[in-house]
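Please read through the structure below; I'll follow up with questions.
Order as written gives the chain letters A, B, C and D; numbering starts at 1 within each chain.
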Amino acid sequence: MALKSIREAINDCLREEMARDPRVVILGEDVCGGLGGSSGIEEAAGGTFGVTAGLAKQFGRARVIDTPITESAIIGAAAGAALTGLRPVAELMFIDFLGVCFDQILNQIAKFRYMFGGRAKTPLVIRTMIGAGVGAGPQHSQSLYAMLASIPGIKVALPSNAYDAKGLLAQAIRDDDPVVFCEHKALYNEQCEVPDGPYTLPFGEANVTRRGNHVTVVAFSRMVLLANQAADKLAREGISVEVIDPRTISPLDTDSIIESVEKTGRLVVVDEATPMCGMASEIVSAIASEAFECLQAPPVKVTAPHTPVPATPHLEAEYVPSREKIERAIRKVLGKTAERAAS
Amino acid sequence: MALKSIREAINDCLREEMARDPRVVILGEDVCGGLGGSSGIEEAAGGTFGVTAGLAKQFGRARVIDTPITESAIIGAAAGAALTGLRPVAELMFIDFLGVCFDQILNQIAKFRYMFGGRAKTPLVIRTMIGAGVGAGPQHSQSLYAMLASIPGIKVALPSNAYDAKGLLAQAIRDDDPVVFCEHKALYNEQCEVPDGPYTLPFGEANVTRRGNHVTVVAFSRMVLLANQAADKLAREGISVEVIDPRTISPLDTDSIIESVEKTGRLVVVDEATPMCGMASEIVSAIASEAFECLQAPPVKVTAPHTPVPATPHLEAEYVPSREKIERAIRKVLGKTAERAAS
Amino acid sequence: MTIERETLLEAYRRMRAIREFEERMRREVQAGTVPGFVHLYCGQEAIAVGACMHLGDADYVGSTHRGHGHCIAKGCDIGDMLLEIYCKQGGLCNGKGGSMHIADLRKGMLGANAIVGANPPIAVGAALTAKTLGTKNLALAFIGDGASNQGTVFEALNLASILKLPMIFLYENNGYAEFTGISYHLGGGDIAKRAGAFGMPATQVDGTDFFAVYEALGAAVARARAGEGPSAVEAVAMRWYGHYEGDMQTYRADGEVDRLRASSDPLLRFTERVTREHGITREELERIDAEVRAQLDVDVDAAKAAPQPPREALFTDVYVSY
Amino acid sequence: MTIERETLLEAYRRMRAIREFEERMRREVQAGTVPGFVHLYCGQEAIAVGACMHLGDADYVGSTHRGHGHCIAKGCDIGDMLLEIYCKQGGLCNGKGGSMHIADLRKGMLGANAIVGANPPIAVGAALTAKTLGTKNLALAFIGDGASNQGTVFEALNLASILKLPMIFLYENNGYAEFTGISYHLGGGDIAKRAGAFGMPATQVDGTDFFAVYEALGAAVARARAGEGPSAVEAVAMRWYGHYEGDMQTYRADGEVDRLRASSDPLLRFTERVTREHGITREELERIDAEVRAQLDVDVDAAKAAPQPPREALFTDVYVSY
């Protein structure tokens, strides 16, 4: 056990899995960095955010492969490599770059197994970065994971802490299905206790980060932290909030959410993504259809607005769901009960 | 007024709008066809499905532009042309090809206006083909419009009949925002009465195709036809079904759906697309949040399964929601009431 | 370059198998027995076979929507291909892929692909596997003249070039992309030159001449196996039939195809040369023709008679586990 | 090719404006006053200015993430640019785009773009507008050496070539794509050759030599206006600073930039030549320097003092109507 940041946890996991399995290779832009540079340095980047630092040195450039700016070829090559015996971990620097490699995910990687009648496996991971909050602007701040979750054949992981990040990434790398692993750019330095050595966390098992009885709050990635903060704050008023972090959105652990709503009768879903056809709508819809009888109040979505992410810092702060907005949503869904609980 | 197929209605509309406005140009693969061929024929295709037939002859190849196989450049060029004064109608042959041009839609076209602080307009239309049912296989049969509807800045139209197709396309072409216009490949020959001459239909106004009191069925594109058939059949049993065709999914006329559910208390959503993060979930979620009190039963989704579209004809038939499945869903949401109504 | 007699006979068998297969498919499509869309390979047989005669099962091939010829040349079982085209249980994709998605990884067939330009990056990935695992295997992507304009193809060229991968870009210039001719759609007009600009050998050959294709690919394969990096070859051979079977082909001048058949039928050219220069007799070849035809009849009947996949197949094989 | 005295003075003013602007931005970023990420153009001034001196407001330019120099060269108001970089109300994008999205359609600036390789197809569309409306205008796309590997760029080359559009592909080879050198990332090693293979004139010039760039672009512009189709120019000029301001640049040898500054500062080279050959005095140029600096101070102060967009701005301008 040691205190590790999400960045360190991911780096440890990649190192351990590469040591464990020679078929694991990493490819992406500047995953090492410095090739063709005039200083001849061994590693100039280790990933734009330092997540792959030191791996090229340890495993060599044949397994930590810097590519040109060529996302279609990066993801396409990962697809072909996975079909033929490697277990590639491809880096898509920002999830916003989905647009320049989407066919390989949508029509190739996701469909090989089905199209080929179950006679192919595509064991690859696409590591990518999501989220607003750092002033990266409209084309570098999106949270497009719902589009990926909607694609049959793709699995999607959204870790919210270092422990989950390490275990889910190990599972993703060992998984025989293609997985998109979404790292929130504002969470890389978030720390928690992480076991030494390899371990995996199963997909499709939500993590209940707070136990509570009055309302169920489902949140993803960075929103889990804000939901927990809101829960702490409201606890002081006697409002008991259960917070659920699905951890993977495909597969999605609907059962745990239903179980919780059966207890609380109230649902708030917090998602940093835009509201239309996102995970918030998906979960509200699933609960409305499958746990209708337990719902004592209309479910509430807390999401970003139906707008691009502005570059403007104070507008971006307004754009992302805040602890305050989550609190307000919880009070709203509790209605009178809130006051009763409070008194 | 004359009986026209959807194919004819779209062709008429394109002809009328090009005649009306010299800034309207068409570009895509084989929208004319025959260039560089040995026969020297004037038009070899008029669109892979004949939708743009005769337009090159009438307006010239300078305004009906055949392109290489180059979707990123087709959509990107349409974007740049729209920013600078044209009103392009770009053809993306199948919506499945989103993957090879998605960045231009997701990060460029959709965001120009916002990113540029309201100082740009991007008046373009992307005509594309959706839907299963013709044995086109996993990469030519998808219904990916929810991904597009989820993107702030994009509008999406889903006509289900020739009258709507003509009016919605005219609106799309005259609209100052980018519109994706989704044509169902199995509906091109569907006929209805269509007025001669240009007319537009407003976006965001649903069409109630059947009036009814027991249950509200929301359906899109080809599913509207099946929903109407199911409604007809059930009417004979005394079950009164209201069928709503939103016609555009962004903007979405939620009010009309709420109004209907306030009357019926019951909701079924029928969508040919896959179930996760699709329009069915979006509408169930919206109603659960905004019309919770009127709901007398859990809303029911009728969608394709979370799988690719199989090439296998009988499995594809099983894949697409059928009239029977819609009927079953309606009976389910009505529960006891169904028998009561029937008796 | 001398070629073994057995090699020539096997090459002939595969070309004949493709020809018979496609002619039969054509008739079957016209008779309405085949589901989906079918894109025929007739006229291009010498390209796939001239290339695949150099390859083993452990070498990978990325195919296109016009993939029947590629599959047969690469050694896929014709009976299992037919089961797939008829979308039957036990087909190469258990009936769920159909004509445009035939794959057979055991034979190194990475799959036909209905997205134009998608297969070269995938094949590059297979080449990366070969290089990473240190095998002497290679990967080859078939690329149409129309596909050669797709951005993904250029990205594949560049990545294969800088990583020095054992990769071959085999362009099939058959004159048309759907209903549009290459003289319109191809900027610069020279596919090989565009590929060569990425720093790899790139040559153009007559795709109706088996020997020309075989020789050009021999060099590319040797280079790949020697770890010297990728190559590109543009093979020119017009297609005989429509873009898909049913295409009216109004874009083609009358008689264009008749002239092609008369002047540059890959099988006729092959037959003339091997009977003239390699002491192979017409009788030997006719025996092969007969065997191929007989087996094809059996396989087509079997495919038609085979059971469809069960209803549950709709829901299976989306994931390995979920 | 003779160049008017006024043209040279204006070119110098723009290059100086870019240099001063970027050096000031660098200090401001280091002081922490600038939101977001900033990619500086120092060292490449002669490219944007050598090109844009040929263009009018009705000609279009598609820019990149490293767009400040392009905007200034194209005539965008520096005060309004600064308002945008500081994300303030009244900025060129009303503060919602920031440094990586500065656009100014009235000046023909189609926008900086944070997606590498996205701008060439967009610029091709602007060229299509010019051709369709029959104006004599043209469009130009700036393309980095790293961007030159992106598939979208090749698609743009091909489409512009076959449609004979009034389009210029101006490659800026500054030696690096992020932290990776061109000798690694560019297959074939010759950007201009790759572009030329699409059937257009393609030349390489020294991007630190204003006169070389100006002359090469003069030919490309003349060709475009004459309706003869697209051209490509590769201008080589190393960037002086990091990929973004803050980049440690461990991939660069010590002294690499000092040598560049000493040997090939575009402004020094320009100054020497115009004072030697065009009877322009250092005093004249220094007067321009002083004017540029004074105005920049005013503009930066104004930008810092300007109000932020109102909270409602978050929700506006997603659509024209919805």
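Just so it is clear, a residue touches a chain if its C-beta (ideal position, glycine included) is under 8 Å from a C-beta of that chain, and two chains touch if they have at least 3 such contacts.
No experiment lies behind these values; they were computed from the predicted model shown.
Chemist: So which chain is the furthest away from subunit B, centre to centre on CA atoms?
Modeler: Of all chains, D has its centre farthest from that of subunit B.
Chemist: Using CA atom averages as chain centres, what separation in Å is found between subunit B and subunit C?
Modeler: For subunit B versus subunit C, the centre distance works out to 36 Å.
Chemist: Nearest whole angstrom, what separates the Cα centre of subunit C from the Cα centre of subunit D?
Modeler: Here the centre of subunit D sits 45 Å away from the centre of subunit C.
Chemist: Let me have the rounded angstrom distance from the C-alpha centre of subunit B over to the C-alpha centre of subunit D, please.
Modeler: Inter-chain centre distance comes to 40 Å.
Chemist: Quick check: what residues of subunit C touch more than one other chain, meaning two or more?
Modeler: Within subunit C, residues 95-97, 101, 113-115, 118, 149-152, 155, 158-159, 162, 184-187, 318 contact more than one other chain.
Chemist: Two or more other chains in contact with one residue: find those residues in subunit A.
Modeler: 67-68, 70, 72-73, 96-97, 99-100, 103-104, 107, 114-115, 137-139, 152-153, 305-308, 310-311
Chemist: Touch graph of the chains shown: is it line, ring, star, complete or other?
Modeler: Shape = complete; every chain linked to every other.
Chemist: Write out the stretch or stretches of subunit C touching subunit B in their complex.
Modeler: 35-37, 87, 95-101, 113-118, 146-147, 149-152, 176-187, 250-254, 256, 308-309, 311, 313-315, 318
Chemist: Given the complex with subunit C, which residues does subunit A contribute to the contact?
Modeler: Residues 23, 25, 27, 62-63, 65, 67-68, 70, 72-86, 88, 103-104, 107-108, 112-121, 152-153, 155, 175-177, 204, 251.
Chemist: Which positions of subunit A touch subunit D when the two form their complex?
Modeler: Subunit A residues touching subunit D: 29-30, 33-41, 44-45, 48, 66-70, 72-73, 96-97, 99-100, 135-140, 305-308, 310-315, 318-319.
Chemist: Quick check on the complex: what are the subunit C residues that touch subunit A?
Modeler: Touch residues, subunit C against subunit A: 60, 62, 91-97, 101, 103-105, 110-111, 113-115, 118, 120-133, 139, 151-152, 155-156, 158-159, 162-163, 316-322.
Chemist: Which subunit B residues qualify as touching subunit A in the complex?
Modeler: 96-100, 102-107, 110-111, 114-115, 137-139, 144, 146-147, 149-153, 250, 274, 276-282, 284-290, 292-293, 295, 297-301, 305-308, 310-311
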